[in-house]
Amino acid sequence: MEEILVESVEEASLDDPVLVEGLPGVGHVGKLVAEHLVEETESTLVRRVHSEHFPPQVEVDDDGVGSLASVDFYACPTDGRDLLVLTGNHQASDGPGHYRVAETFLDVADDFDVSDVFALGGVPTGELVDEYTVVGAVSDADLKPDLDDAGVEFRAEEPAGGIVGTSGLLVGLGGRRGFHVACLMGETSGYLVDPKSAAAVLDVLETHLDFETDHDALDDRADEMEDVVEQMQQMEGQQQAPSEEDLRYIG
Amino acid sequence: MEEILVESVEEASLDDPVLVEGLPGVGHVGKLVAEHLVEETESTLVRRVHSEHFPPQVEVDDDGVGSLASVDFYACPTDGRDLLVLTGNHQASDGPGHYRVAETFLDVADDFDVSDVFALGGVPTGELVDEYTVVGAVSDADLKPDLDDAGVEFRAEEPAGGIVGTSGLLVGLGGRRGFHVACLMGETSGYLVDPKSAAAVLDVLETHLDFETDHDALDDRADEMEDVVEQMQQMEGQQQAPSEEDLRYIG
Amino acid sequence: MEEILVESVEEASLDDPVLVEGLPGVGHVGKLVAEHLVEETESTLVRRVHSEHFPPQVEVDDDGVGSLASVDFYACPTDGRDLLVLTGNHQASDGPGHYRVAETFLDVADDFDVSDVFALGGVPTGELVDEYTVVGAVSDADLKPDLDDAGVEFRAEEPAGGIVGTSGLLVGLGGRRGFHVACLMGETSGYLVDPKSAAAVLDVLETHLDFETDHDALDDRADEMEDVVEQMQQMEGQQQAPSEEDLRYIG
Amino acid sequence: MEEILVESVEEASLDDPVLVEGLPGVGHVGKLVAEHLVEETESTLVRRVHSEHFPPQVEVDDDGVGSLASVDFYACPTDGRDLLVLTGNHQASDGPGHYRVAETFLDVADDFDVSDVFALGGVPTGELVDEYTVVGAVSDADLKPDLDDAGVEFRAEEPAGGIVGTSGLLVGLGGRRGFHVACLMGETSGYLVDPKSAAAVLDVLETHLDFETDHDALDDRADEMEDVVEQMQQMEGQQQAPSEEDLRYIG
């Protein structure tokens, strides 16, 4: 196998598509939105990327059939602009691999004539979140007014530690290649898988790109999560607060 | 030395052979089965694979002679289909190395006209196992009925974390190259070297491929291990249970 | 992107310039001096180095605009010799990357006809420092008398563990390429960001190269830090001393 | 710089030399012997090996002059066979680097027409050692009788974990290339720098190769170390035994 292999699964014709990336990360916010888009649109798997920079493993599906670790592109038509959604269970496991795989993702975007990219993720607040602000970072300042209108908040030098991983590199490498890239990060505690934060990011994206999807499944998941959090808070009242360690593994 | 070096040790003519892989892993289940096959058949060492992706070390034999870290292929004729058994003490120590070494293993299989591959391993249950189910995953669904007949159980999306390492890559990369690959995983606590789980996997393999070997040595080893477990359980009754830490290093 | 990419941002004509390197490290001493020089001279960003050996991330600026991890060269004219200042937030994250990136830094220095290099950093003492000695190491012994005159102290086989990272490699690789390289290390506790140590290194550099900058901002920062240390010492008096762990994260 | 750079420092004519390797490792046994040979013979530094697989650092000498991390070859004439001694402060820091650097060491040995190699090290016993046995492993069994005569003990499958690092690879890779390689490992607690174990290995080497050096300096160092151990044992009598942690950093 090559270092990075792009497998063409199916062709799809997309109208002025935008790339939407949602891979595993803080609160799984980006991945939840991306999976939502794949599930709630008439999506088609179009490209599958394998790489020796992904973990050496297969995932087993409902039928017991294993398939090699991959990150996948789905064509997702909407009532607004069409989406090319990039999602999966992996990020590269080494630094140079991160750079090389991100360049490949941009190559695929190029093949689909994409010029606008949205990298989705979460930004950790360290405490339970009441109001789900969506924080933005962009590859060029011209992108800010429209995103601002859609409810994105821009803050000086935030997140303080920069944006790490594929989302960060899409902004950094994508910007250098002339893509218009916005990173949309839902505030989230950082301890829990956070469908509410994902819903906030989805709202912003839909407003900005002017399309709609059915939010019921994501809302249901958010409700379930809310129940979990409430139970946790009751436990807090009764005994000692759950440690960060406890929180980290819930979801 | 090249990045990966395949050394031809001896030639052997095998009749419609299948590749059986058993490298170190959970409960050493795969390795126990592979070593059993090498010991209980008229096996011949045919290929030896060295790689800079294996640990930088030599192993010292009975005579004090050191030999470079390797993974070995043995030709193992049986009364059923012949076996090409892949075993050793190492897996690659870095991600890209894992991919590259696994491709080389498949190249060797190709050289021996292998088309069917069995990747053997254990699946951890986290507790002592009473009944040793063998869980399967395959490269294509057509392989399932026959394995089902031989007693393999297929479960949706299990193991949950996917199959990691050489066994996983044989399924993933092998499937992509047209091999028919089944991964057979014996349930095992995950804390102990588990000859009983190995015996369960061996039973399935012998039934499926219609050959027989003498199980006495493996059964003896299983009995010894059972004594160890009983002693541990008595200790549990008397004092506090052994921690996972204790269990992890027994075998 | 190439493995290492040198981006020409602007041209600048420098008169017999010296390279001054200050990247993150012990007490952030080198970085503080380098940033001081960039801020207190009429500096121009001339080269920006990106590399897949830097962390896969972007930094977000005051405007919410993200830019790819980089290390930057600034042309800094002074009333003495001109400076080419190398600073940033990153060092390479893998060993071979460290070597390759350092060679690139020397290539850039070559392009600017630099032959004298000053690698700045801190040397940890393990306790709070009263008098800020600047310890030196050089690529060839001829450089010592002048530096000695400027107040640099040379000690046999110190720092005991050698000089690690970019500063060390500039001495080692630079010396091999014929550069005259001095590493100037301010003594510092190792637990705190240390502007006082940076001021000591800056004094030596200015004396040696015969230029002047306004130290007010650095002195202010040193005063603030002194207040923090005093508060800590009062706490020490009252209760138990802060652990190294406490100290490590202050600054 | 190339990935691995062999610098010719001086030429030396050696009569039927043997390579003696002693790099940092268990009890620093190998390094102590190699350094002893360099100090107690009329040695000449002949080759210096740099590599990006060594740590990115310089070491500072008595004069404050830094030199790039290296491993060095010394020509050491003796009253018996001449020695080409390989020593330094580093081993490669990544697996593939270990293999590549070891091949380079063998290339240098080839250049000096070496065919016999002695890789020196320690084998940890986990407790203080009374009698300092030297354990051997060889690239081919023919080498054993002579070594046996010199007092080397061969034990089946020991050390149990194999021989790791440069010493192991010299046996493994060297054996494959036709060198006659013996690894001589002094028993040592594993917690202390152990000049007594080094003296035992040196005795064997001198007996086997029929040369002599002045052991005074090594004996002195052994005496000092014995005093340290006695003090530790007295402390043991008085209070609780020093932990492994305590022991690990003495030397």
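For clarity, chains are labelled A, B, C and D in written order, and residue numbers in each chain start from 1.
Rule of thumb we're sticking to: a residue touches a chain if its C-beta (ideal position, glycine included) is under 8 Å from a C-beta of that chain, and two chains touch if they have at least 3 such contacts.
Quick caveat, the model's predicted, so the values are computed rather than measured.
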Touching chain A and also chain D, the following chains: B, C
Chain separated most widely from chain B, comparing mean CA positions: C
Turn needed to bring chain C onto chain D - CA fit, degrees, nearest 5: 90
Inter-centroid spacing, chain B versus chain A (mean Cα positions, whole Å): 37
Distance from chain C to chain B - Cα centre to Cα centre, in angstrom: 52
Where chain D touches two or more other chains, by residue: none
Contact graph of the chains (line, ring, star, complete, other): ring
Pairs of chains, among all present, that meet the touch criterion: A-B, A-C, B-D, C-D
Chain C contact footprint on chain A (complex, rising order): 92, 95-96, 98-100, 102-103, 136-141, 144, 154-159, 161-166, 168-169, 171-173, 175-176, 183
Sites on chain C touched by chain A in the complex: 1, 3, 52-69, 93-94, 97
